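Okay, so subunit A shows up in both of these, paired with subunit B first and subunit C after.
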Partner chain A sequence: MMRMKWLRPLLFAFWLILTLFLLQRLLMPKYIHENEEGVLAGEYYDDAGGNDVLFIGDCEVYSNFSPITLWEDYGITSVIRGTPQQMIWQSYYMLEDTLRFETPRAVVFNVYAMRYDRPQNEAYNRLALDGMRWSKVKADAVRASMKEEESFASYVFPLLRFHSRFSELNADDFRYMFRSEPLSHNGYVMRVDTKPVTVLPQPVPLADYRFSETDWRYLDMIRDSCRAHDITLILIKSPSCYPHWYEEWDSQIADYAEENGLIYINFLDHQEETGIDYTTDTFDAGQHLNLAGAEKASAWFGKILAEQSGVSDRRSDPAMASRWEEKIAFYGKMKASQEKQLEETGTVKSFR
Partner chain B sequence: MKRSVTAVILMLMLLCLAACGGEAQKNGEAAAEPVPGQETAQEDANWYFMKGDVRIEIGAQAEPILKALGDPQSSYEAPSCALDGMDVVYTYPGFEVLTYVMDGEAKISGVVLRDDTVETAEGVCIGSSKADVQAAYGSIEEGAASLRMTKGNCELLVILTDDAVSSIQYLMADGTV
Partner chain C sequence: MSFVSFTFAGFLLLLLALYYLLPKRFQWKLLLIGSLVFYAFAGLKYLLYIAVTILSTWGGCVWMQRLYDAQDEYIKTNKAVLSREERRAYKDSVGKKARLILSACILLNFGILAVIKYSNFFLENVGALLHTSFGRTSFVLPLGISFYMFQSLGYAIDVYRRKYPAQKDLAKSALFTSFFPQLIQGPISRFDQLSKTLFEEHDWDAQNIKDGLWRITWGYFKKLVIADRLAPAVAALTAAPDRYRGVFVLAAILFYALQIYGDFTGGIDIAIGAARLFGVEVTENFNRPFFSKNIADYWRRWHITLGSWFRDYLFYPVSLSKGVKDLSKWCKAHIGEGVGKRLPLYTATIAAWLATGLWHGAAWHFIVWGLANCAVLLISQELTPLYERFHERFAFSNTRCWERFMVFRTFWLMGMIRVLDVYRSGRLTAKMILSIFTTPNWHALLDGSFLKLGLSGADYLVAGIAVLIVWCAALIKGQKPVLTWLYEKPVSLRYLLFWCLVVSIIVFGAYGIGYDASQFIYNQF
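Take a look at the complex of A and B:
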């Protein structure tokens, strides 16, 4: 009888926790048919291990580089840990999180994030952080990323943040409570359609072109972490016409790279060599590359990676080759699906 | 009996969660909605730019403003990296209007003055002298090449080059871009 008295509260607590867990799974956004890039942070864990190159940064990395091309042309294994408007502190923690699972030979960081000196948008924080697995790294990433009005508890218990979705639930929320649909190709988000650059807004003058102390501190942290793990750090300004990349920003990064013995490649200076044509190789008027553009950028950059970062051709490794064959098949399937949509409707409505 | 109590407690929790969510949404909407009829009361609450009779203010609904301004010379749509909606830059003679989408509605996120055919409501334009700026907005720190002034949800940024105004921008005051 006494034993039953202890058991009941325990069972109640278990049932309560289970209920809250299920509610949380139900109410969290699924990112299947809207804001699809929300799955990217979590998809990495399916691709973790055996990657010689890690890309970190914002949409300019996950839209503009194709790990499949790097594999097919050079036998380079790579993964992109990009999320929309990824802040530099998030890039640093993406690197640290990756180092929990694997140690790449080269890290490629897109420096556009240097323009932001403070968290910009809670929604983007969610896209970068909610998908990360819990560890001290994630806890630190959350603390570094939160805006004033955000709470750490809401990242530990996302139910606190998303309970208002109760009235917006749809079929996806039930269907994808415990699973997701793959979106990316080792972090690359494919788009086959084209929207050419016709006009670009004039750059808006800035009052101060200097990057902030916070940005430099995190760039130093990325540099130091790479050094500590004997990783070649490569800084890039990814190919993109808009938003504007100022010369004053470029020279600061070039100076930093020179002072620290790093490679810095501004793709905007290599348009001819890469062959990127902004009338055919972008899906949104110059902000991001489409598949044709991403493959051109990757084909050109792969040579630099192969020659200057110490990564080797791994196509002769049967296990690795077999693993990448599967990825190539998924890549081809998505490409065919998008091309079919484009042919039938004139637009790409769904990634998959 | 105890099962019923437990079920009731859980139902109440669910209702609280749902209600709480609804309340949060309402609060969000209330904060984002413009308040019709308060334009005059808000006249001094924010910096604003006037183009003829059209008053352009950060955070205002874009649709009536764009309609009143007429066709732009050009526009550039910049889809948000992942979130719904487009950021758009509309170019008019002498100035640009920037919009973003919040809760499905386009709002003004910035105004950039490009030449001396337009001026701020306080009479400063591109090419105005440092003295003109000081007369309109107060003193500028010695050696400073720009003046930032926040009023309401708008930051007015005036950039000086060689003691003359080279850029005037109305931006969101919270520093988001």
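Take a look at the complex of A and C:
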């Protein structure tokens, strides 16, 4: 009788936890047909390890650099850990998280994230953090990213955040409860369509061009982490026409790079060398590059990586080559799918 | 620390674990520490306010008790030598001193309350009368001040009346005032009821834990699934009164009734359940209020502890006071028997409802709300003979069907008075209620207008089903306590119901980003 007395509540607790787990899987957004970038943070773990270059940053990274091109042209293995509007502290924790699985030879950080010194948007926090695997690094990332109205518990139990989706469930929510569809190519999100730059908005003068203490602190932390792991840190300003990258911002980064012996490449100063043409190489009128633009940027940048960061050509490694063959096949398949959509409908409705 | 927060859940779990792990003699001390920590979460400076109430009521009560003890001792030892008149004179002199102590205690506490809660209202109205402006004070109302202050002063009055002896232990007295589950929105407990279990040593009792968990879960269900889900619609309907007239006013009345019911009774369920986890019995504050057949009946079922507080500490003292009795006699002699007879009842009722209105807030609409209740009660009182004749003459008025009509009528009548809370103006409320009869816009029920109030069809469905569940529970409660009914059911069914309740709260509750589930309506009073 005594055993039954304890067994019932225990079984009930187990059943409750199980059903809540299933509900959580059901109610969490699947990012299959909308906000597709939501899967990026989690996709890294599917094939972690073996990368010599790590890109960290926001959409200017995951849209503008193609690891496939880097592999095909230079035999460089690379991965992008970028999510929409990824904050500098999130990039730092993405680096720390990556170091749990592999130690790249070079880390490339897009400095555009320096413009923000505080969490901007809960939805973007979710896109960056929900997909991360649980570790102390994720816990720290969550704490650093949370806005005032957010709670840590809702990251531990995302059901508490997404419970209100009960009224918007669709077939995808059931179909993808325990699986997802791959979206990225080692973190790169492909777009083959084109929307040329026509008119660029005038830059708005700022009251203060100085980056904040918070940003510098995290940049120092990225620098220190790279130094501790003997990683070459390369700062970049990714190619894009807008939002505007101010001269004052650029000179601060250039000074920092010089003081710390880092490489800093502002792609805006190398448009001619890269060959990027904003009438053909962007899918959203200059904010992000399309596939053609990303391949151009990567082809040019690969040379710098090969020459200055000491990464080697690994195409002669049969295991690595076979692994990348699969990635190239997926890349080609998605490219063909998007081109077909573009031809048939004039637009790319689905990335996949 | 809001009941609807992870901090509260963590706090409750930690306190509960310590409560049953520590030696039993430390249990009530732990509750005191926990209560002060709970209160400190609202702001350390507010501890000062509650400390003044604790110290003044404790000091006043102990002082009065000493006077009474000395009086009893004196009379006992001098019983043989004192005449009846001497004894009475001695008692009168002690009573006078005790009355002075009580008055000082009440003045100090109500003085603080008056300054903090009512000074701006007073300054605004005096300024308006004199066509000038006195500026505003910047006091922030300490959390639950109206609740803990009334509870403490009720205790002080009971000690003065020698209903029970004063609690001489300052720490125990402090725990009575600050006991965290009921600190922020009641119930307003009486010392003799609460102290029975508050200071006792409690063994781990699975039944208490089960009862407490059921009650807490039920409270969260009402608060999060009903009240907070309907809140956006109530806010939208009352924020734009020019747009939302006619049938929308009916909706506002209905939704606000359900919202405040879910919010307040839910909060009280959580309070009672949380106290039960520690083996402490807190008095009930509601008894199926929406099943009331008239307003007097309603006020015996809604916020019972506040109603009984005003009845015991204001209504009876006023109606039985020497001044009112004398005036009543004078009226009987000079104006008429009817006026003189009614005077004590009218004076005490008006005083009690004026005070009840002011207790809810420093604004004219609260005063109008109190006086509207008062008017309906007094009119009902006057019409009692007519009702009796009506019931005698018409047989249908004694049927179940008529009883249901009375319940329906009371629900809507109370609802119309209650929306003064949300329209915040007597004139606007009257105008809006009038629009029910003058604005024929029933088509709005079907043309999708209600989907523009911040609630989707799914929200209405969820709220509707939840209200139906609460209604079923109220029907059961009419027969027997719901927990008794539950415990008669097979254990598997009980587990299933508890599972449904927990899952409903987590999935269908209106909380988290995009919702404001942190505040209870009655926290602000």
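Everything below uses one rule, namely that the second predicted complex is superposed on the first by the 351 of 352 C-alpha atoms of A that agree within 3 Å, B and C clash if a C-alpha of one lies under 4 Å from a C-alpha of the other, contacts with A are read in each partner's own complex, and residues count from 1 in each chain.
To be clear about the criterion, contacts are C-beta pairs under 8 Å (C-beta built on N, C-alpha and C of every residue); 3 or more make two chains touch, one makes a residue touch a chain.
Note that the structure is a prediction, hence the values are computed from the model and not measured.
In the superposed model, A:122 makes contact with subunit C only, not with subunit B.
Touching more residues of subunit A than its counterpart among subunit B and subunit C is B.
By the touch criterion defined above, A:153 reaches subunit C but does not reach subunit B. Look at A:321: by the touch rule set out above, it reaches neither subunit B nor subunit C. Contact with both subunit B and subunit C is seen for A:166 once the two complexes are overlaid on the shared chain.
In the superposed model, A:207 makes contact with subunit B only, not with subunit C.
When the two complexes are overlaid on their common chain A, residue A:22 makes contact with neither subunit B nor subunit C. Once the two complexes are overlaid on the shared chain, A:7 sits clear of subunit B and of subunit C alike. Residue overlap on subunit A between its contacts with subunit B in one complex and with subunit C in the other: 8, 12, 15-16, 19, 23, 159, 163-164, 166-167.
By the touch criterion stated above, subunit A contacts subunit B in their complex at residues 8, 12, 15-16, 19, 23, 34-38, 58-59, 84-85, 115-116, 118, 120-121, 123-124, 127, 159, 163-167, 199-202, 204-208, 242-243, 284-285, 287. Remark: subunit C residues 6, 456, 458-459, 491, 495, 498-499, 502-503, 506-515 touch subunit A in the complex.
Within the complex formed with subunit C, the residues of subunit A that make contact are 8, 12, 15-16, 19-20, 23, 27, 122, 149-151, 153-154, 159-161, 163-164, 166-167.
Listed in rising order, the residues of subunit B touching subunit A in the complex are 2, 6, 10, 14, 17-18, 20-22, 24-25, 74, 76-84, 89, 91, 96, 112, 114, 145-146, 148, 157, 159, 166-167, 169, 175-177.
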